[in-house]
Amino acid sequence: MLRTEEFTLNMGPQHPATHGVLRLILHLDGETIVKVEPVVGYLHRGIEKLAEARTYTQVIPYTDRLDYLAAMLNNLGYVQAVEKLMGIEIPERAEYIRIIVSEMSRIASHCIAVGTYALDLGGFTGFMYPFREREKLMDMFEMISGSRMTHSYMRIGGVAADLPEEFYPAIKKFLKEFPSCVDEYDGLITGNEIFQARTKGVGVLSQEKAVQYSISGPTLRGSGVNYDLRKARPYGIYDRFDFEVPVGEKGDCFDRYYCRIQEMRQSHRIIEQALEQLEELPGGPVMAKVPKVLKPPKGEVYHEIEGAKGILGYYVVSDGTTKPYRVHIRRPSFINLDLLDEMCRGWKIADVVAILGSIDIVLGEVDC
Amino acid sequence: MVCLEERSIGMEIKKDLQTKHPVEDLTDDPVIIEQVKRTITLAPLEKILNLARSNSLWPMTFGLACCAIEMMAAGGPRFDLARFGYEVFRPSPRQADVMIIAGTITKKMAPFVKRLYEQMPEPKWVVAMGSCAISGGPFVDSYSVVPGADKLLPVDVYIPGCPPRPDALIHGMLLLKEKVKNPKVVEEKPWKAIK
Amino acid sequence: MESNKVAEQLQEYFQSIGNNRKVLTVSPDELIPLMYRLRDEYEFNYLTDETAVDYGDYFEVIYNLSRVPQGDILMVKTKVDKEKAEVPSVFEVWPGAIWFEREIFDLLGIKFTNHPDLRRILLDDSFEGHPLRKDFQWVGGREV
Amino acid sequence: MFGSGLLKGLAITWKEMLTPKVTIQYPDEIYSLPDRFHGRFKLDKDACISCGMCVRACPNNVIKMETETVARKKRLLKYVMDIKYCLFCGFCVESCPKNALGYEKDFELAQYKLDKVPLVLVDEEPLPPEEKERLEAEAAQKIAAAKAKKEASGGKDKGGE
Amino acid sequence: MENIFVNISGSIRELIGVLGLPPLFNEAVMITVKVTGILLFIVLNALWLVYMERKVAGYIQCRYGPNRVGPKGLLQTAADISKLISKEIIIPSGADKILFLLAPVLIFTPPLMVFMVVPFGQNMAAVDLNIGVFYFLAVASLSTVIFWIAGWASNNKYSLLGGMRVVAQMISYELPMVLAVLGVVMITGTLNMSDIVRAQENLWFIFAQPVAFLIYFIAGVAECNRVPFDLTEGESEIVAGPFTEYSGMGFALFFLAEYTNVMLVSFMAATLFLGGWLAPFGLTIIPGWAWMLIKVYIMIFLFMWLRWTYPRVRVDQLMGFGWKVLVPLSLANIFITGVAIKVLDKMGW
């Protein structure tokens, strides 16, 4: 008697569309998906355990390697958590430098998110143009911190060094050219009918389900929930800049993608304002008076910032010694992934790639 | 003139064979030595094929962690791996020549790395990119990290850096190119573009 | 509604709640009713983070709840001793807790009752022991 | 109209095809690295007082240092940076009180063999034993002379006691 | 310069004629000479196209393509192919051995067979069949089966999926292609390639049948599995489609066959719609066959331009677009052409 049978396909740890080493076990009925089982942990390096064996300052380079597309934002989260724990006030100039550098890191991360999303859907050139912009940002990061991706530039109590002289002309040139580049992505990717056909109405995520499943970042805002920590619970000096939070309507792949494009424009605005206000500031110190060997008081702190992929939280417990007793990192990509199964049901294999790309996960952060 | 040189190189090779064949220090069983001498000679054709292989090393898309982003940047417009013809990132191991291990190999990932290496067809090479691939790097004390790719596979070129710049990766690939062309280059100091 | 006002109102309701700043500590068996109240009555509809710490002879499980889109945050803690490491799963209050709790089980070995599929998520299934415990022994890969 | 987005995409790729290229042809043109670039390390041997601050500052104890004290003066023998464990985070360079440790603008560290990867910045033989005694003897003499001079001067003004 | 090749074949014919062998033998020799000529032309062109594609890709993505291997990178594809020749051929366990090895060999035959009929220039077609167009459409659809053999034989889930997608895509885009070409055939009334080209003396058919050209072009892109319809080899979805398991020479043949198919569809487009070897506006200083090559390369550049601009379509969208849009459109085109011919006859043209 003829009957169709479900077969499992292994989108294995080495697959062009899984943004690294994520393994998806697809239970397929022909081309339509019956069930998706994400298997993570292929890049679990045990950073939380390693952090317990290093001093507070030595943990900073390890936070770079979490979400390696936006290293500055990881540093910002950890450093602000420890400052909250020790009650340190950082100088004004350092606050502005941190905002500028974090927003640059957010733009770089969104450039890759947009680029790899176009690549997943087959548009190889759509992958190359954002990389060209990101290279300019990489050069500026290298001027500031000395390395392109793993900067470990922020310190507890401020930043490692002031912005170099040749940084200002470079950032001004970038700020002038960037809007036209984003319009170019719009023309090439967003406006393209094939791209819209592949993403509009695909993998819809309702508001209640998104909030219930603790989704955060552009994935949450794509479903219409206006929740951005920079506005909802401002940290640092975000309340001095005016920018909007882009919010989607239907919560499909296109809205999530388009939130990232809009966020790039908003970050561009923030950097512009921050640069103006920084130039008015008299040249002050960039590092607070912090003892060489940090010994925070016994206690714990949980501090959240708006990372590039979502809410990035640090829970630091200190027992009074120079090494943290426990560091837990709330990783947005890890949590945004658990809803992949429900969002992909009933769609095709090509859509699993589209939905996974629209959630924009980084495996360094998923597996911590 | 050219043919003279050609012949002299030829004679050199023959001279080597009379004196001492490398297989002699492996075994002293005369039958094996005689058999090996008769069958295996490094024919000039191999040299030409090595030249072709060195100019079209197709890497496999095998990004693990942060170094994978620098590998993508190497393929990007600024550093352009395509100038050397290496930009054809083949997703399937069957069509790849070079496995660039870009990132940390965890114990859960090790069997897959091994299987992918075995699935690659013969002349294949391995480039260990970044401190994690060379020796476990920043995560060497961790409970779930394999301390270095050479615990699993024979590695041809080590590129330190965390992550190494895309031009450092291109420098590594050019070293691999020299090695493919002439395996003896391993003894000397590696070629450098920056003096 | 600021979260420490919430704490005061809860004070008279649950005697076992000790509270310094914005932290509620509650024992495991009263955990689920408190969570339901926090979610329905005080609109803490978003579980941002759930983690656990090994304090030698007892575990402490920490829940961070916040309100979307207002943005307040409240920390709720429970203590459970090491041998009988059983905590009720908050999966039915916030379904997003599945992967949090699987990660805690994987790295610290705390079992969560009536959790849909409690198995290892980050480590290989053949891995013995729970790495984030303070008494976990392992051999690093560094050549001396 | 349905095809307008498609045609706009073609127009953009055509425009990009004619724009000048962004590539830096690596082996011929080298990208001008900024001054703070974390590349190959270099140690200024004389400035280094072998205090070991850098060894403690490194998150992954990459630096191995051997010293030898001769006549109460520390001398640096071996200074090996095992960069296969290095994070290139720059904490060691920051922590050095004498700014002896710095970077070179060189990122070409690739090697064929693993044992050639570590950077051996200083590698000197410990002094032979007789050399050591001679220096000790000299130092001892110097101290004795200094003490004697002090008594002589001390004796004069303390004569009244 | 115009018919330099015709003279060459004429002189070869006399050369053999002198030997006084039976006429059948000279025909056989002539055919083998033509076949080797065309085979050489195809392989050289395929090698050149691989290099051209990587250069065009580079320039579109504001970087340089291969420029280090040989003068300006010209030997890049030679290096690739000679490397692929010397690679180890792995036959996966459980694969259907004979079919697995047969598929790469067969993949080259359909395009080769069709090139026999293509008029490279003024009466320079190897065999000037009077049912040329029909022969082209019939043989071109054979490669579907060969892709399916490759997909089935390599015993790999990705290849199976790729194979199924190939069959679905190429068959459903065969129909609009045939109907589009029908429009042209209705105007000329003959199936002979050279007559079609001669019929475009004063008006190229691209202006007479713009819709048919568009449909033919889109169906051609789908036939060659090129982006935006490259679902068979969709890198990001099913790794490398039917030829995931092929390594070494097997993969090289598939790799080159793709470019041969592109060349084939471009030649057909040039012949049927762009007036073959006819020089535009009468500029006959350039010989006919050179015009043919120029038009073919313009079409091939169009293929490449599409590839480096558009993302990939999903399987069901592909089917929907093929059946619900292209087929009705081409039927309407045939209807209008028929009415137009009747009306123009009435007006005595």
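Labels A, B, C, D and E are assigned to the chains in the order they are written; within every chain, residues are numbered from 1.
As a working rule, a residue touches a chain if its C-beta (ideal position, glycine included) is under 8 Å from a C-beta of that chain, and two chains touch if they have at least 3 such contacts.
Worth saying up front: this structure is predicted, and the values here are computed from it rather than measured.
Participant: If you walk from chain to touching chain, how few steps can bring you from chain A to chain D?
Facilitator: Step count on the best path from chain A to chain D: 1.
Participant: Once the contact rule is applied, which chains count as partners of both chain C and chain D?
Facilitator: Where chain C and chain D share a partner, that partner set is A, B.
Participant: Along touching chains only, what is the step distance from chain A to chain E?
Facilitator: 1
Participant: Average the CA atoms of each chain to get its centre, and name the chain whose centre is farthest from that of chain C.
Facilitator: If we average the C-alpha coordinates per chain, E ends up farthest from chain C.
Participant: Between B-C and A-C, name the chain pair that shares the greater number of C-beta pairs in contact.
Facilitator: Looking at contacts between chains, A-C has the larger number.
Participant: Would you mind checking which chain's C-alpha centre is most distant from the centre of chain A?
Facilitator: Measuring from the centre of chain A, the most distant chain centre belongs to E.
Participant: So, comparing each chain's Cα centre against the centre of all protein Cα atoms, which one is closest?
Facilitator: The most central chain here turns out to be A.
Participant: Averaged over CA atoms, how far is the centre of chain B from the centre of chain E? Could you give it in whole Å?
Facilitator: One centre to the other, that is 38 Å.
Participant: How far is the middle of chain D from the middle of chain E, if each middle is the mean of its Cα atoms, in Å?
Facilitator: 62
Participant: Using Cα averages as centroids, what's the distance between chain C and chain E in whole Å?
Facilitator: Comparing mean C-alpha positions, chain E is 63 Å from chain C.
Participant: Could you list which residues of chain A touch at least two other chains?
Facilitator: In chain A, residues 15-16, 41, 44, 46, 49, 61-62, 125, 128-129, 132, 135, 150, 188, 192, 194, 367 touch at least two other chains, as defined above.
Participant: Could you say which residues in chain C touch two or more other chains, in rising order?
Facilitator: In chain C, residues 123-124, 131, 136, 142 touch at least two other chains, as defined above.
Participant: Which chain D residues touch at least two other chains?
Facilitator: Only 6, 9, 12-13, 16, 21-23, 25, 59, 85, 87-88 qualify.
Participant: Tell me, which pairs of chains are in touch?
Facilitator: Touching chain pairs, listed by label, come out as A-B, A-C, A-D, A-E, B-C, B-D, B-E, D-E.
Participant: With touch defined as at the start, can you tell me which chain A residues reach chain B in the complex?
Facilitator: Listed in rising order, the residues are 12-16, 20-21, 41-47, 49-50, 53, 61-62, 65, 68-69, 112, 128, 131-132, 134-135, 138, 148-150, 363-364, 367.
Participant: Would you mind writing out the residues of chain E in touch with chain B in their complex?
Facilitator: Result: residues 54, 57-58, 61-69, 73, 75-76, 78-80, 82-83, 86-90, 158, 235, 239-240, 244-248, 251 of chain E touch chain B.
Participant: Residue numbers of chain D touching chain E in their complex, please.
Facilitator: 6, 9-10, 12-14, 16-17, 19-23, 25
Participant: Per the contact definition, I'd like the list of chain B residues that touch chain C in the complex.
Facilitator: Chain B reaches chain C through residues 107-108, 135-136, 140-148.
Participant: Given the complex with chain A, which residues does chain B contribute to the contact?
Facilitator: 60-66, 68-70, 72-73, 76-78, 89, 91, 93, 103-104, 106, 108-109, 112, 116, 138-139, 141-145, 162-163, 165
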